[in-house]
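Sharing a structure with you now.
The first chain written gets the first letter, and so on, giving A, B, C and D; residue counts start at 1 in each chain.
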Amino acid sequence: MGSSIIKGRAWVFGDDVDTDLIYHNKYLAVTDPAEMPQYAFEYYPGKENFAREVQNGDVVVAGTNFGCGSSREHAVYCLKEGGIPVVLAESFSRIYYRNAVNNGYPVLVAPGISSKFKDGDEIEVNLDTGEITNLKSGEKIHGDAVTDLEKEIMAHGGLLQYIKAHAGKE
Amino acid sequence: MGKTFAEKVLGKATGNEVSAGQIVTVEPHFCMSHDNAAPISKIFRDIGVNKVWDSSKLVFILDHAIPAPTDKHAQNHKVIREFVKDQGIEHFYDIMSNGGVCHQVMCEKGYALPGLVMVGSDSHTCTYGAFGAFSTGIGRTEMAATWATGKIWFKVPDSMKISVNGTFSRGVSAKDLILRIMGDIQSDGADYMSVEFHGKAIADMSLGSRMTLCNLGIEMGAKNAVCPPDDKVLNFIKDKAKSDKWESIWADEDACYEKALEYDLANIEPGVAKPHTVDNYSPVTEVKGTSIDQAFIGTCTNGRLQDLEEAAKVLSGKRVAVRTIVIPASWEIYRKAMSKGVIDILLDAGCVLANPGCGPCMGNHEGILAPGETCISTANRNFKGRMGNKESFIYLASPATVAASALKGEIADPREVLV
Amino acid sequence: MKVKGKVWKYGDDVNTDVIFPGKYTYTVLDPAEMGKYALEDLDPEFARKAQPGDVIVAGKNWGCGSSREQAATCLTSLKVGAVVAKSFARIFYRNAINQGLPVIQSPAAVDSIEAGEQIEIDFENGLIRTDQGKEFAFAPIPEYVRGILQDGGLVEHIRKSLGLE
Amino acid sequence: MGKTTIEKIISRASGKDVKPGDRVWCDIDISSARDFAGPNCCLQFEEVTEGRGKVWDPDKIAFTFDLQAPSHTEKVSNNQKIIREFAKQQGIEKVFDINWGIGQHVMLENGVVKPGHVVLGTDSHMNLLGGAGIFATGVGNTDIVASWILGKLWFRVPETDRITVTGEFQTGVCMRDFLTFLVGNLKADGLLYKAAEFYGPVIERSSLAERITLCSMITEMSGKIGLIQPNGEVLQWLVERGGEDVRESVEFMKADKDAIYCEDLHFDVSDLEPLVSAPHAPDNVKKVSEVAGTKLDQVHIGSCTNGRFEDITAAFNVLKAADFKINPMTRCIITPATREVMSQCAKAGYIEKFIDAGIVFTNPTCSLCTAQHYGALPSDDVGMSTTNRNFLGKVGKGSSTFLASPMTAMASAVRGMITDPRDILG
């Protein structure tokens, strides 16, 4: 997973950010994950320029139920491949959460986070401890690092890598 | 000396006697546009005229991608709806089930009438010749200019006379005849000309078959194509003519033709146009067994009731072996096919029965090919990339041949399938 | 009125789907953008490399098929100087003129001019000259047509005739 | 300790005695993919297995084509081809090509999925199969690929809510209205990670179509699945399609009397009015009476939520009560869920009446729901649809969509504005 300390700018989103807002159905036919980041958040009002302006290491911060809607894994790829190291949200929709874990993509459940950050705030995340710091205000909150099976899958870098590592051991 | 159809119609429209080669300016009786009414309306605004010359002469029929598959197509339709409202255009067929493919709608609703001069911003506008109209396709700018001025110039065309006699053998239809003619004279064989169909076989043909013949006039380069306005035509238009300006006009016996051809239907067999040109003719027997990925029955060329019935005759009680898309050319046809049980047969055979429109014909809507795929189609063009993918292959054929091929999963001779 | 440029040579029956694919007809709306797709399925080099003034030299029946005007617009968008062909499909011929794109019929020129040659077209004198010194005369463009070409296309021509300038 | 239905199904499929919160690997009965994300699965499978892998069991894999059937873009055509070729190469025979319809419905009609099964698919509304007692769930392509290799997949055992529904629907009110009510009541994350079981007389009396509708928007409440115990005619239908062993599975999956539920919810539908989900969220619920009169540019009836014969019949009956006329300024599109449904509509004589009324009747597909096919909206247009999502921009930038029942949708098409179906049904 590389360095477990992440530093970047926060992009703050609201509650119930659905998969059409993250990655619109118009681009579902794309199969190569590397092509997906250019469409990230294209339909999110006020953040249409996300894909053009985001910098490597920037972090997505969101409210409750992030990624609700479709099962499209594109909604994970478009952030992961776009250099977003982690998504922090009050809560995640079920399928989005799975898809992230299956790709070894860190998503932290961080209650209270949406009120602690504004767009552009410098943010530091320790993926090992789950500690999240707003470097501007100095406020700290705790994000749930994933547990058990999810953690193990993530430690392997994703579900398919996990399966390979466990081949024949089940 | 006698006059050709084109000379007589254009003479009547100008009020003077005219001959081939002369440039004339006429006021068209109807101007048809489909989804391209939107870009045309933009050009029209650029000209700077506020109102079209005569809103009752404009007919708009949406068909290219309906209902809209993307934001962009939806936006295009919206521009047209607003223009229709703004200009008070009464002859407007939206995506709803009173319409269908523009040329089919123009004919079945009574716009295509004997002796009228009609232009359309679509190359297959020549179809209306089946009803004795002088009709031809023009580009967007020219259409915008016509809306603005009510006038369009034509060079009075030379004419070609194609006489057809005899009767079709089993499994053979008008599409096979016209594919053969195109193969013989090539795709520029009638460049700039007015093609007249004559003979007993034309008189025996249904209006639908005549539409198939005239529809493909453009694929020989013709300006227009036309059949005699006989009783079949007059009976058909009796209660539905949308203009009273029509008049039965036909060529004089002693008219002068640039070219004359004769065909005996007894010599016509099921045929195809092979990729990638319409004149790449071959009898079905020579391409039999060519593997296909998709079959398509529909379009302004062969999406009429008689075409669906021909296909149903082949498919009845059987299952297609490849994906088969059937798109009736209009809702009126769909409706009739439904009442006659044709739709049931096609559904039971496993066909996709899509809503009327142009479908995949020009690569805009349902049924686009993937690279390397081959489609046999009743449409009118098999150009490289026509159905949305430049690495794909299109064979053009009659509804019976397409249906027979759908059953076998390879190009097949309908005579071997029809009992 | 003169045009000077490099020759791009193509064969017979080049149809409108090849010149401008149907799938773009409702998704590419800006004339300036249409040039990008010109001849995409026939010669992908063309749209990338054609220079203003370049001339297309082609066989018979250039532009057969659909009435789509984009087949002419995509060429004017690249500032193609003219199309010289053995013959033209009817609708393309009209569309080209209406867009202000000169179209010249000259079977003799087509037979002897090769791809890559530099040529000059002199419309007033009805002459095509190659850098090899070959010359081909062509029938002068009809007056009505010349009027449209001189005004830069049908829209401007009509505006002028309606006194809307 | 007693078990809920989902706990029973997962226990059987995992061979473990499970409780909520456990993570377990379950055997998969059917792992399906559609023409959306399906190609991603095929490509990813080949990459992971370096082009040499064989799927664990070709008989347990199915492909469905409904995102764009038939395709209108080169990309999707190519994606569909990738699936067809993969299926051929792997010996997968359950390929329901573009002529079949919406995947879940097609698999159900053809007995591919059965009560008690654990089913995966690349469609977040797979879980509507819970209406037939099937544990089906939408997943991403990585999960599908994992299941094709292992025949198993990991799940977190969800807590279960028990929802009991009593009373009787008034005329003009139907299961979709109750569903809309429920989404508005529980909100977009009201069932986060949870399962629901539906009970009560309203459920016991309901048709399969109604059960599918009810379970089709659990995802819109972030739930894992809603389950209904098949009984009566529904059970009979499932046996006809799936075989006699269905009865056994249905017996087995019954929740224990002492099962433990996270929450026990009771609702009575007797006072329920026709409802809509107003733009731009399914949980933005309003009474039809509050928004009545809103002008509509387009009405669409169909989708995996409300595209069955019973749904189209409900719409037909409203049209009939209006003398088979709709407002000519409103575009109305009906899309049956499957070819079987389309044939039923043809044989019942509906399609002719719809055509006469000016309504566009399309081939079975997801239609405008993904905005990739029939009926994308231009900016500023207002639409009504029986689909399950009305997210901002989903069916066209700058447009807005109201979600409603087939009856409300048809009533609104008749008047060209949002209309209470009771105004027409009397």
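Definition applied: a residue touches a chain if its C-beta (ideal position, glycine included) is under 8 Å from a C-beta of that chain, and two chains touch if they have at least 3 such contacts.
From a predicted model like this one, the values you see are computed outputs, not experimental measurements.
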Practice problem: Determine the groups of chains connected by touching when subunit B is not counted. | Solution: A, D | C
Quiz prompt | Rounded Å distance between subunit A and subunit D, as computed from the means of their C-alpha atoms | solution = 28
Quiz prompt | Between subunit B and subunit A, distance of the C-alpha-averaged centres to the nearest whole Å | solution = 53
Practice problem: Could you check subunit C for residues that touch two or more other chains and list them? | Solution: 23
Quiz prompt | Per-residue multi-chain contacts in subunit D, two or more chains | solution = 73-74, 76, 371-372, 397
Self-check item: subunit A residues counted as touching two or more neighbouring chains
Solution: 26
Quiz item: Mapping chain-to-chain touches, which pattern fits: line, ring, star, complete or other?
Solution: line
Practice problem: Could you list each pair of chains that touch one another? | Solution: A-D, B-C, B-D
Practice problem: Provide the residue numbers of subunit D that touch subunit B in the complex, in ascending order. | Solution: 68-74, 76-78, 80-81, 97-99, 328, 331-333, 339, 342-343, 346-347, 351-352, 354-363, 368, 371-379, 381, 396-397, 399
Quiz item: Which positions of subunit C touch subunit B when the two form their complex?
Solution: 13, 15-18, 21-23, 25-27, 29, 40-42, 60-61, 64-69, 72, 87, 89-91, 94-95, 98-99, 142, 144, 153-155, 158-159, 162, 164
Self-check item: Of all residues in subunit A, those that touch subunit D in their complex
Solution: 15-16, 18-21, 24-26, 28-31, 43, 45, 64-65, 68-73, 76, 91, 93-95, 98-99, 102-103, 148-150, 153, 158-160, 163-164, 170
Quiz prompt | Residues of subunit D that touch subunit A when the two form their complex | solution = 23, 25, 36-37, 39-40, 43-44, 48, 67, 73, 75-76, 79, 82, 121-124, 126, 138-143, 145-146, 149-150, 152, 154, 188-189, 192-193, 219-220, 222-224, 281, 370-372, 389, 391-394, 397
Quiz prompt | In the complex, subunit B residues that touch subunit D | solution = 65-71, 73-75, 77-78, 94-98, 323-325, 331, 334-335, 338-339, 343-344, 347-348, 350-355, 360, 364-373, 388-389
